[in-house]
Amino acid sequence: MSEALTVDTLTSGYGEAMVLRDVTLRVMAGEVLAVLGKNGMGKTTLLKTIMGFLPAYRGQITIFSKPTIGEPPHHLAGRAVAYSPQEQAIFQELTVEENLKLGLGRRTRFAPELKRVAAFFPFLAERRRQLAGTLSGGEQKMLIMARALIARPKLMLVDEITEGLQPSIILRLADVLRREKSANGTAILLIEQNISFALSVADRYAVLSRGEVVDAGDARQPGADASIAEHLSV
Amino acid sequence: MPDSAALAYPVRLPSQRSRIERRLLLVSSIIALALAAAGPLLLDTYSVSILIRSFLYGAIAVTVDILWGFTGILSFGQAAFFGIGAYALGLTVTQYDFAPPVVTAALIGGPLVAAAAAGLAAWLGFGPKVSPLYISVITLVLSVIFVQVIYSGGDFTGSSSGLSNFDTFDISIDGWFRIAGAFLVAVTAAGWIFVRSDFGRLLVAIRENEQRCRYCGIGTVRVKALLLIGSAVITALAGFAYAGYNDVIAPDLGTQLVIWVALGGRGTLIGPAVAAVLIDFISAWLSGSLPFIWQLIIGLVFIVVIVLLPQGLGPAVADLFRRGRTRSVAARLAPLPDADVAGSGAVPAIQVASVSRNYGSLHVLQDITFTAGAGELVSLVGPNGAGKTTLIRCLSDGQERSAGRVAIEGNPIGRLPPEACVRFGLGRKFQTPNVFDALTVAESLRIARSRRERLSVICTADEVRLPAAAMRVVQATGLSSQLGTTVKHLSHGAKQALELAMVLAMEPRVLLLDEPTAGLTKSERSLIGEVLVQLVRDHGLCILLIEHDLEFVREISSRIIVLHQGSIVMDGTVEEVTNSELVRTIYTGEPHAVAA
Amino acid sequence: MAILFLDIITTASILFVVAAGLLIVFGVLKIINFAHGGFLTIGGYAALVTTQLHWNPWMALPVALLAGLLLGAVVELLVVRPLYARPLDAILATWGLSIVVVQMITIAFGRGTNFVQSPVQGAIPIAGDTYSLYRLIMLGVAIILGAVMIGILQGTRLGLTARAVIMNENLSRSLGINSELVRFVTFSIGSGLAALAGALITPLLSVDPLMGVPWLLNAFMLVMVSGTSLIGLGAACLVLGGAQVAISTYSSPVLGALSIVVLSAVLLRIRPAGFARA
């Protein structure tokens, strides 16, 4: 298996505040790594640094064997990286269709790709001309996932996609991610606070606390959820 | 939860800092006044005559800095206000001769007209959904119109050549120098005291997050309008003084004030005053020999300063003198005696009748009707897109709903803006933290208390008094050890806690909470749950909260309303709702039921 | 009556051509480019230079456009891009730039008014009267310009990209859009359009260093009223331009000159979204 994403002793933050300290982790192709942790512990900062929205003070990030620190964010999409941020993740005033098109490269034909993602989320095809901002919260999250999938990414960075969602949709998303991983060999870095969702999808997990990795292991081990829960509570 | 970047410096009380500052202010003012008195003896006549105007401009620059540097209101209208004050004197004296009643009329009339113009500009330029750029536009328009009016006034106004040779005060140039100097010192000193007071922090809060201020019950539009009017009055007085000194007036104060304030240092007060005086003085000396090149240079320097030194030259110079580390200053917390904040109980806390909200053809809420009373903890649950946040918006802002009636504590909210709804005893916490990034924790709490405890325009209080509920939240989440920390450096969870504390600090009778536990740990969640239950049980509050954590909802609610696709599908006790088939289907349900 | 109608639609056209560049810069970069008036003036003086060099008057247009594009590119790189995180300061910096432009032109060409040769002379007969041919050409220019811009924005991938950057720049970047380039190109085009507009209007008026100021103010108000919609801009130009013409004709030219600005102010108070689609 090849390495999709390697983060090596990464230290970054905002201004003077170091949020991440010496973080090292790795996601292989076809594997899901769940990064869990309480709020303020650095999970979103990690993704923003990987994407290049935040500078790194120390360490290195490698995506498909190429170092990415210093590269502007828009280069990553070209490397088949799909980013689903936690907030402001869709264009409210563009239609569903336009949102999806923007997830797709310029040269790819839209119709067959739409059909493919609509298989997971049928409402996308039915409501392609609807303004994305008028979709419900759960539908918007599904649109975010569809947009990430439409470009056939090799690496997905997913930030708390289940926040605020009802259980039935969470189950659906878990299903989609598992299928994506096994069918296409996509590497997925999953940021989450929902332990059961994370463990139902992930192969391995890491726990981030105060910007450091304090626990890591196999997600399928019996004691994993208890071990993680300990870190996520007081 | 304390952020790893929290300051570890010792914290000083505001009154300690105030005392030092006041002493400095007094000393500097005395020195400045002495300089003003001695000036004419040391400078040549030409310099003295220029400086009279420069001093007046400096005073105006101070007010522009208060408007812009502190409150974020970029006004280009000072040219008009100055002109109004000047022409008030010039015109009346030209028409009616120089006599005490005439002069008094001009002294009062000029500032009055300027205040009215500022009021009109404020009415046009400030408003809930209006961009901050807009007031700049309106004030610029005001200046343009003023110049046009003067130009087309023919002989009456002197048109472009200006009014001249009108009789005026019999005061020597030296006398005018001292008057102008004293005026500058007075305005600067008063301005300084004002911006360092608690009210001064409110100016910054308005600049940072006007919405949050309104939800703390502060009439921000009124505050901004009063500031603009205040600046207009002082500017008109400066114009009056200028016309009194110089018997020729023409519309020529352009938009340089903004440049001077920018170069001197926005938000520093002293910087703009110094910059205005210096640049105007130098311009007068140079404009004889190199008029356009000097303007060109100023323009270029202005651009360079904006790009490279946004804080202006003032702070760059001041930094050369700064020594030692900065210590943080914060007020102490003090508990407020437990007041009974419950409503009478006779009137329901929340009454909603046939409320609906449409966006064009999209119906987000349809025919919502329910009532909630004191002592109830109502959880509003439902799948995403059910309309929960929209409902909260309709309850807290009279302009949000499309139809129906809402009453808080028996007061219909009609089409009232949030600050008015909040005054009926309503508190709202937003889904994502809605706080003041540039203020400290203590300052934020004080702003939240401002409706109950007025902010002083002169002093900084040493204590922030918090009601028990707010105090509990602050202490349990560690915010009490971060009173001097700037909010920007707090973590997401700490900001959530701060916002909740701020809302509780307003002693509301009705609380609207949008996912208050999002991002909190398990222990914090149960703490918040305890606090909410206590508020309802011991203080008779009515709480309406949106939550996804069904465990949490089951533990603390007295009643659950289930919203689905914009309508209430169930409204009942915890048992009824949790045992309901319908609700189970909606939540855990089959995929088809979810296609909302 | 016919003349009045023609005056209204040709005035609206001129306003549209002047304001279009300001609108796209406002939409993509979120700032009002106060140097727009300066670029307009540069375009006007480009036309003057073309006249003085005795070239074909139509050459003024590409010369002005090129000058605007190049200068706009330089300004974007040196002044606007560093101020990316501080939009209000960017607006101020462009305002400072307009002062600089006025001073430079004054130093180079003097303060006086000059006249530029019109590429097209004469009038055509309409409804028993004659009407300036050049003004009618302006109507055509505005329509073509509007159609091309809307076509690009709504119908092409480039337009979708621009709209995405207008709505949410960071999200666009994470989807692979080089937003810095989009901003650079937009600002240059906006400046180019401003200069082009300047060259187009000079045959109708005259050229002096301060010619840009009243146009900037009007364009500014029109852009605020129309939000970020080109169609909204067209509507605003028609309604407000029409008001200006009517008031100038039936009341006084001084009031007419102020009418766009005053009416826009009131309009924005009543309906802050302006003419943009509700």
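Each chain carries a letter (A, B and C) given by its place in the written order, and its residues are counted from 1.
Going forward, a contact is a pair of C-beta atoms (placed from the backbone, for glycine too) under 8 Å apart; a residue touches a chain by one contact, two chains touch by 3 or more.
Not measured: the values here are computed from a predicted model.
At the centre of the protein atoms shown, by the Cα-centroid criterion, sits B. Of the two chain pairs examined here, A-B and A-C, the one linked by more C-beta pairs in contact is A-B. For the pair subunit B and subunit C, the distance between mean C-alpha positions equals 34 Å. Remark: subunit A and subunit B have CA centroids separated by 38 Å (rounded to whole angstrom). Note: centroid distance subunit A to subunit C, computed from Cα atoms, is 43 Å. Multi-chain contact residues of subunit C (touching two or more other chains) are absent. Subunit B meets subunit C in the complex at residues 74, 123-125, 127, 129-134, 137-138, 140-141, 144-145, 148, 152, 258-259, 262, 292-293, 295-296, 298-300, 302-303, 306-308, 310, 360.
By the touch criterion stated above, subunit C contacts subunit A in their complex at residues 157, 160-161, 163-164, 167-168, 170-180. By the touch criterion given at the top, residues 16-19, 38-40, 87, 122-123, 134-139, 141, 163-169, 172, 193, 210-211, 232-234 of subunit A touch subunit B in their complex. Touching subunit C in their complex are the following residues of subunit A: 51, 53, 72-78, 83, 85, 88-94, 98, 101-103, 105-106. Listed in rising order, the residues of subunit C touching subunit B in the complex are 32, 78-79, 82-83, 86, 88-89, 91-93, 96-97, 99-100, 103-104, 106-107, 217, 220-221, 224, 254, 257-258, 261-262, 265-266, 268-269, 272-273, 278.
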